[in-house]
Each structure stands twice: as C-alpha cells, then as structure tokens.
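So that we are looking at the same thing, I have put the structure below in structure tokens.
Each chain gets a letter, A, B, C and D, in the order it is written, and its residues are counted from 1.
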Amino acid sequence: MAISYSQALDFVQRFAQAVATDKEYLTELDAAIGDGDHGINMDRGMRAVLPKVDALTEGDVASLFRTVAMTLISTVGGASGPLYGTVFLQLATALKDKPEVQPADWSLALASAVGGVQSRGKAMPEDKTMVDALLPASQALSDQLAAGASFDAALKAAEEAAEAGMKATIPLVARKGRASYLGERSAGHQDPGATSSWLLMKAAREAFAEGS
Amino acid sequence: MKKLINDPENVVREELEGIAAAHSDRLKVSLEPYYIMRADAPVKGKVAIVSGGGSGHEPMHGGFVGKGMLDAACPGEVFTSPTPDQILAATQAVSGGAGVLHIVKNYTGDILNFQMAADLAKEDGIEVEAVVTNDDVAVQDSLYTAGRRGVGVTVLTEKICGAAAEAGRSLAEVAELCRKVNGDGRSMGMALTSCTVPAAGKPTFELGEDEMEIGIGIHGEPGRERRKLAPADEIVEVLATAIVDDLPFKSGDRVLAFVNGLGGTPLVELYIAYRALDRFLKGKGIAIERNLIGPYMTSLEMAGFSITLLRLDDELVRYWDAPVNTPGLRWGA
Amino acid sequence: MKKLINDPENVVREELEGIAAAHSDRLKVSLEPYYIMRADAPVKGKVAIVSGGGSGHEPMHGGFVGKGMLDAACPGEVFTSPTPDQILAATQAVSGGAGVLHIVKNYTGDILNFQMAADLAKEDGIEVEAVVTNDDVAVQDSLYTAGRRGVGVTVLTEKICGAAAEAGRSLAEVAELCRKVNGDGRSMGMALTSCTVPAAGKPTFELGEDEMEIGIGIHGEPGRERRKLAPADEIVEVLATAIVDDLPFKSGDRVLAFVNGLGGTPLVELYIAYRALDRFLKGKGIAIERNLIGPYMTSLEMAGFSITLLRLDDELVRYWDAPVNTPGLRWGA
Amino acid sequence: MAISYSQALDFVQRFAQAVATDKEYLTELDAAIGDGDHGINMDRGMRAVLPKVDALTEGDVASLFRTVAMTLISTVGGASGPLYGTVFLQLATALKDKPEVQPADWSLALASAVGGVQSRGKAMPEDKTMVDALLPASQALSDQLAAGASFDAALKAAEEAAEAGMKATIPLVARKGRASYLGERSAGHQDPGATSSWLLMKAAREAFAEGS
C-alpha cells in the first residue's frame, strides 16, 4: 500500500510524459490569456528533470522530489517554475526521513505543497490559477481517506476534483498571474496552470494506484 | 515561422555567445548559468544594479549592462523570467560590498524568481533591495490582482539608478530613487501585429488586417481592447490621454518622453508618433525636456510601440544626462 | 497595410517634423525643400559632407547628421532618391568654404539627382566632390550595367569621412578616404519577408513561408536567388563567403564587421548572426577588430539582415573610434 | 497644322491623366524588376505639374515645358525624375523662341529630348529602359514626316513604335537602372519606364492629332 521509490519515479516520469504530450495544448491555453509559453516552460523543465532523476541512485522519495524541485526552479523560469518548484520542494520536505510513504503521508505532503504554492504566489481559490486545481484535489484526497476510502479511490477522487477545478476556472476572471492583466477578458478561458496541475494529479493516480 | 535562427532551443545561448563575441571589451558573459555583467565588475564600494527578465526584449536588459547603467542582467528564455540560480550568481558576481539593487518588472514570474534569488543572496550575506516597476496604465489596477505590468519605465530606472550608483549613492538612496522614477512614470503600448516565440513557432495572437490591440503587453498579452486601425495621431492621443490622466501629469510638468518601438515598427513611424505626442503634450502645457526614441524594449518582431512619460526634476535630468556606456544606450562616453 | 502613419502622402513630412521636434538641440530641419542639417552648420573651414537617398532606411541618412558624421542629409520620398533642389539647398546651407563631399549610393536615381545638384552647386561657386558607394556583391558587376548597389559601406563611409572632415582634412583627402573605404568594403544582404511602401499599400514582393531572398536590395529589389529557408549559420556562411571571396579578404586581415538589421529582424537574431560570422571569419584567419550590430540601414519593416566587412588599417580605426554625436550613432560625446 | 499652346497644355494634362490611371500598373511593373514606385513617382510628379501649368498665363510652349521639367525634377526624384525632367527640358530648349510649333519642330525637339535622356542616363537601345520606347518613337516620327506622311499619321506611327519598343523590352536583360541588378532575372518583364514613355507618346498623338 505504501508508495515505493519506483512508483514515485514513475509519477515524475508520467508527469513529464503528460506535459510533453500536451505541450502545445498548454501553450495554446496560455496564448489565449497569457504569453503562450506554459507548455514550453513545463516541458523544458520536465525534460531537464528526466536525466537528473535517472541519474539518481535509488534512494528515498524525498530526495527524488528535491531533485525535481531544484531542476524545475533552475530551468523553468516564469511563474510556473518557482511554483511547481515549490510543489516538489514541499513534497520533499514533508516526506523527509519517511522510510516509507503511506497514503496519509502523501495526503499531508500534498496539502503542504498546496500551502507552499499559496504562500509563494498569494493566490486564493477562484483567482484562476493552479491553486484552483490543486486545492480541491488535496481536499478530496484527504476527505476520501478520512472517510475510509481506498487509496485508489482517493487518488481517483483527487484527479477528478483537479479536473473539475480546472474546468471551473473557465468562467473565472483572473486575479493573479499574467492573465489578470486581461481583467474581464480572461473569462471564458481555461487556466493553463490549473490544466498542468490536473495532469500532475492524473500522473499521481496512474503511478500510485494499485488496481489500475 | 521565419526567423534568423538555428534552433529554437538554442536561441538564448547563441545570442549570448554572439554578445560575448561582440562586446568582450566591455562585457563578460556567463553561460552557466546565463548572465551578462560589466567586464570591470564587481566595482568596489559601488551599489550594484541587477535586472533581468525574459529574452526577446533586446536591447533590454543585456544591452543596458555597462558603466552608468546595469552591473548585470539575467536573460531568461524568450518571454520567460530568469531562474533564481541565474539571478543569484549574477548578484554574487557583481556585488561590490555596497549592496545590490534588483530592478524587477512586475510579472508574477519575475517577482517569484527574483524573490527566491534575493532570499538566497541574503543568506549569503549580500544586502539586496528589490524595486518592482509597474508603470503600465493599460492594466486595471487592484489590490487583489497581480497589479500593473512593468514596462517602459524600467529602461528609465536602469539609466537613472545606474547614474546614481555611479555617483556613489547608497543602496537605500538608489532604491528610493528607483521607486520615485517608477512612481512618477507611466506607460502604455499598442500592437499592429503579433510576434512569434521561436519555441512556439506560431504567432502568440491573431489580429485582423484592420485591427490593432490597444494596451498590449510586451509579451503579446492581450491589452485593454481591440479596435479598428486608426491614424497615428489618433492612436497617440488614446495612449497619451490614458497616461497623462493616470498620474496625472499636469500643465507645467517637465517630462521625459520615451517613444519605444516594439521591434517591427520602423523608425520613421516612431518619429511620426513622436510628432503627434509633442503636439498633444504642448496642448496640455506639458514640456518635453528629454526624449528617447527607438526600439529599446521590444517584443521580438512585433509591430507597435509604447509611450512612456516620466515627470522630471533637476536631479532626474542630471542623472539622465550622466555618461552611459552600454551596447544599447550610450552617450558622454 | 498596417502602419503607424496618418496618410501615406505625408509620411516623410511628418517624420521630418517629428525629427525637428525631437532633436532641435542638435539638428535643423528644412521642410521646403526637405533636408536635415547640423544645427551648427556651416562649420567654417571644415569640409562638409552631404548624403541622402530615399526615406525608409532610417536611421540612415538623417539619423547620421551631427558632429563627427554628416553635415546634412536629404531624404527623398520612401525608397525614392531625393531631388536636385533638396541636395542643392542642403549643399549651400552646410558649405563652410572648404568644399562639400557628396556621398551617393549607386542607384541611377541617386546618381542622376546628385549630379544635377552638383552641377548647380558648382555654378554657385561651391566645390563639390561626389563619391559613389557600390559595395553590394550580390550584384553581378559589369562595365555595361548600372553596376553594384551602394549599401552597408555607405554608413561606414559617413562615419569615417565625418571624422576625417572633423579632423580638418581637405576635400580631396576626405573624398580619397571615402573611395578607399568603399574600395575596401563589401556587403551582401538577405530577406525573410518583404516590406510595404506606404504609398504602394502592398508588399513590394511575395515570399513563400519557407523561402528567403539571398542578395536582396535595400528597396526590396529581388536579389541573386530565392532559396528554401536555412539555419542562420548557413545563411551567414553564404553571405560571408560571397563577401570574403569578392575583395578578397585574406588571412591576417583586420576588419570591421557590420551586421545590419533590415528593420523587422530582432536584435537577438542579429547577435545569432554575429556569432556565426565571428566563427566563420576566425576560421579564415580574419580578425574582427571593430563591430557594429543593429538596424542602421533598414528597409522599412523588412525582416532580414546584411553583412558588411571593411578592411581596416590604423587610420580607419582611429577615425572609426573618433567621437560621433548623432541621433543614430553616438560615442565619445 | 501647328501645335498650339492649348494643345501642348492638353498633351501635358493627358499625360498626367494617363499616369494617374495607370499608376498601379506602372508600380506593379516596377515591383517585378525594380522597387515598385514608378507609378507613384510619376503620378506624384504629374499631379504637382497640373496646378503649376494651370497657373501659367497662356504663354509659349517652351516655357510650359520648362515648368513641367522643373516641377518633375523637384518632385519626382528617383531615376525617372531627372530623366523625364530632361525630356521636358530638352523639349523646352529645342522649342525656345518658336512662335509656333510645326510638326518638324516637334520632331526635332523630340529627337533632342531622347538625346538628352541618353546623355544623362547613358542608356543604349536594348538596355531595357525608357529609351527603348522613346528612340523608336522619335525615329518613326521623323521618318514618317520625311516620307511625306501627315502629322496625324506620323504621331500615330510614333505611338505605335513606342508601344512596340515597350513590348520589345519584355525579353531583354536590363543593363541600366535598378532592374539591371537582377541580371537574367529581369528578362520576361516589361520595363516600367518604357511603359510610361509609351503613355507619353500616346498623349502626344491624342493632343496634337487633328483628325481624332
């Protein structure tokens, strides 16, 4: 039931793959309300991550995530670099010294990652940012686990909450990030960062679920 | 996409190699991580000034490194803020013991990355002050949003603060001056065409043959409104009115007028715009005392321009006139 | 056609009014007929230098008027040579008694109009020497044709002869120097896109999305050949090879390398081209001792660039480095 | 039979009208092998000429043509400004002090105009320039008159020779003017200056012929 190192690695690789696949899509979403580089940025970062994590000797999950964080921070730039860097840095910090990662550990780590993003970026829910996908995902995960659901079911619920949160950004008027310069004109478009965050939650479900 | 490049992935690195080859007499270029610094940095006892941002706005910022302006510039990928490690390395490289000023344009990415770098530099014992420029009146301001974008005023702060640092002013004083310039300057731009980020391969946005975008951002962010094309005089009036009303600039004010080309707009058009601006301001009793006309803060090959007005006083004029010796801006040296 | 103008008919006049408003401290602008001159002209006892040509190539020539460069420039309509009355009036206005050098780019229109003006000026008792620049290696040369076009070298002659005139050299000496610079300089350009003459309202030529024009003229004249788009390094090699082979430049030569943007090409691309040129010349044992990188001789908003190489000696380096104070080129002042 | 002042004025006005009508066509021809401004140049010049000649008090034909020449020289620029300026300057010089302009006078004046163009521009026949329309026109005119043809017939012959000369520029490789930079690539295109020169000969026929 615990998340193994190879599952954590798989999570990172799946996220890299998803970002690569949807690079153009993410970029198009960003072109509509930002500067048209979100897919390019994330893909540049995750492509830099892959050889870095390959080169790691099988170790603990925390140092894996720390490597991802430092690589994203030093290769992505833009808003998403520090923010996704923060996600993985918080995951690493929360999972530090855990010999094995239990579902509850993951749930707490994810909550602290979302908290890190919010404290760095000062985004509140409905500001039309990645927070709108990450926060409901983290809440769904912990709610499900608290209600006694299986890890698989909780991961699935997190993914679906992220997706719903992502879609719910469409009507919102952006209040943070580059899209906020558009004011009312940002409404009607899906937030690119929320979209990549949904891909992140999807990758977590695919990598960590047992029954799939 | 038609560009004079080899590979979209290598645009920034090859540009930096070109700059290194061209200006080795005055600049040093680091490729790992990317930054450009004065060849004579660190200048002992002088406040150092570091700026940076996405590439594609050349000559800003790398072209403004040199005596009398920036000590270092950190170029990110095209239209993407630089990363903290670049900013940290540049800050360390140019720190001359009198502190380092970060001039940061107000974009979430720039703010976050410069913040991370400043935190790390401070841990390293370097005194850092960051000033954020946010002069774009196109953006509806609000406490609850990311706020206004930093645009044309950034170039002016870099020149003026560079002169003040050269004159031996302290970090607190230079930072204060920077905030004053930002506070007394306002900008707005417009685009006739989009631009194409090399890695994206297609135009950031589409504009009809008879449309223009008023209030465009320097990364091709859509602006205030899309309108039917209009004569230059009318466009200048729209931008200048928004700028003048915002500060507001008043009759009797002395200003620096900066008519900036976004890349694809020929100089002849910028002078036609300057003519209109000069007439507009004269009509309001506002006197242009200094000017800067040309492509200084660009958006790749975008056709369009921006106007920046800065209220002047004797101190600002003195610092503006002080010698500057950079590839992108040079006089008195 | 998307341009920041009011009326295609008024482009040049309004541009001149803009220049007059912007640079009245340094320049005087005549609107009847059109010419731009140094505010302190005529400079007694100094050889005066007058150039001119069609508008749309800014900053050339009007932006190069000032101490250390041109005494006057005569702008024609966009891409159309100026008329004899302009050239005559400018020649008379700046003549300081030591003779006037006309720097004329080799185009039939420029030659004919400058000739008519020189004839009239001579009748007026002014000593005039004309030097024709014809450095474009794209053009197959022949005694029986109009010969090569004058392009990038023109900017270099204006700077170098301006310094020599400032240093008190005689008309014969300055003209001789001008011929030497022209003789030791070679250029070639290429275009990625066309440009649109305001009065024409549509692009001068059409280029496919994957095509480029090698050997383009600065008025959009078709060049040597149309080719499939290629990486920057390859394009630089094509242009530089033609240039180097033509003079020929040889191992051990010292050169000034001028990488000129045609208007729509961002600075980042020009540095990528400079990087390639630097490597190419190093491989041939040719040393770049001075450089100039930027949009100095443009073709409205055309995307593309040109390379000019000038063989240097100590005298040319000295004149190149001498102070110059013009809106378009400035150092040491 | 003599050319009156009002016919000479009509000739100038007809040429202005023809240039205005064919402005785009001339410009397109120039775009193919030059810099795309010939129609714009000529139209700018002839539009400037019209009020100038309107303002003249009915005088002699020579001073009419001198006014046209000076106006073209000071408003057209380019290659065509000095060259068409020279055409009218030579016409004026050749017709100076003629109380009335006889067909033979016109023929000689035209020949001297062509000579002026050639001495200024150094173009030889088949260099693909306006000379290729003007020279055959001038020759046809004088040949016809010498052969005893009527002025009308001679004017018509001149117009047709200009047209033929103009068309004959199509296969030529340009050796003068901007088109010469193209070398072989200039072949296959009609010379713009030869085309405007045909319009000039056409205007002369229309204005001077009696029977039309």
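In this text, a residue touches a chain if its C-beta (ideal position, glycine included) is under 8 Å from a C-beta of that chain, and two chains touch if they have at least 3 such contacts.
This one's a predicted model, so the numbers in the text were calculated from it and none came from an experiment.
Under the contact definition stated at the top, no chain borders both chain A and chain D. In this assembly, the C-alpha centroid of chain A lies 55 Å from the C-alpha centroid of chain C. Here the CA centre of chain B is 29 Å from the CA centre of chain C. Our note on geometry: chain A versus chain B, Cα centroid distance of 32 Å, whole angstroms. Along chain B, residues 78 each make contact with two or more other chains.
If the chains shown are joined wherever they touch, the resulting network is a simple chain of contacts running from one end to the other without closing. The list of touching chain pairs reads A-B, B-C, C-D.
Of all residues in chain C, those touching chain D in their complex are 33, 54, 76-86, 107-109, 112-113, 115-116, 136, 138-140, 142, 144-146, 149, 197, 199-200, 204-205, 217, 219-222. Across the interface of their complex, chain C is touched by residues 2-7, 11-12, 14-19, 21-22, 55-56, 58-59, 63, 78, 192-193, 209, 212, 229, 231-233, 235, 263-275, 278, 288, 291, 293, 295, 298, 300-301, 303-305, 327, 330-333 of chain B.
Those residues of chain D lying in contact with chain C across their complex are 27, 31, 33-37, 40-41, 44, 73-83, 120-121, 174-178, 180-183, 185.
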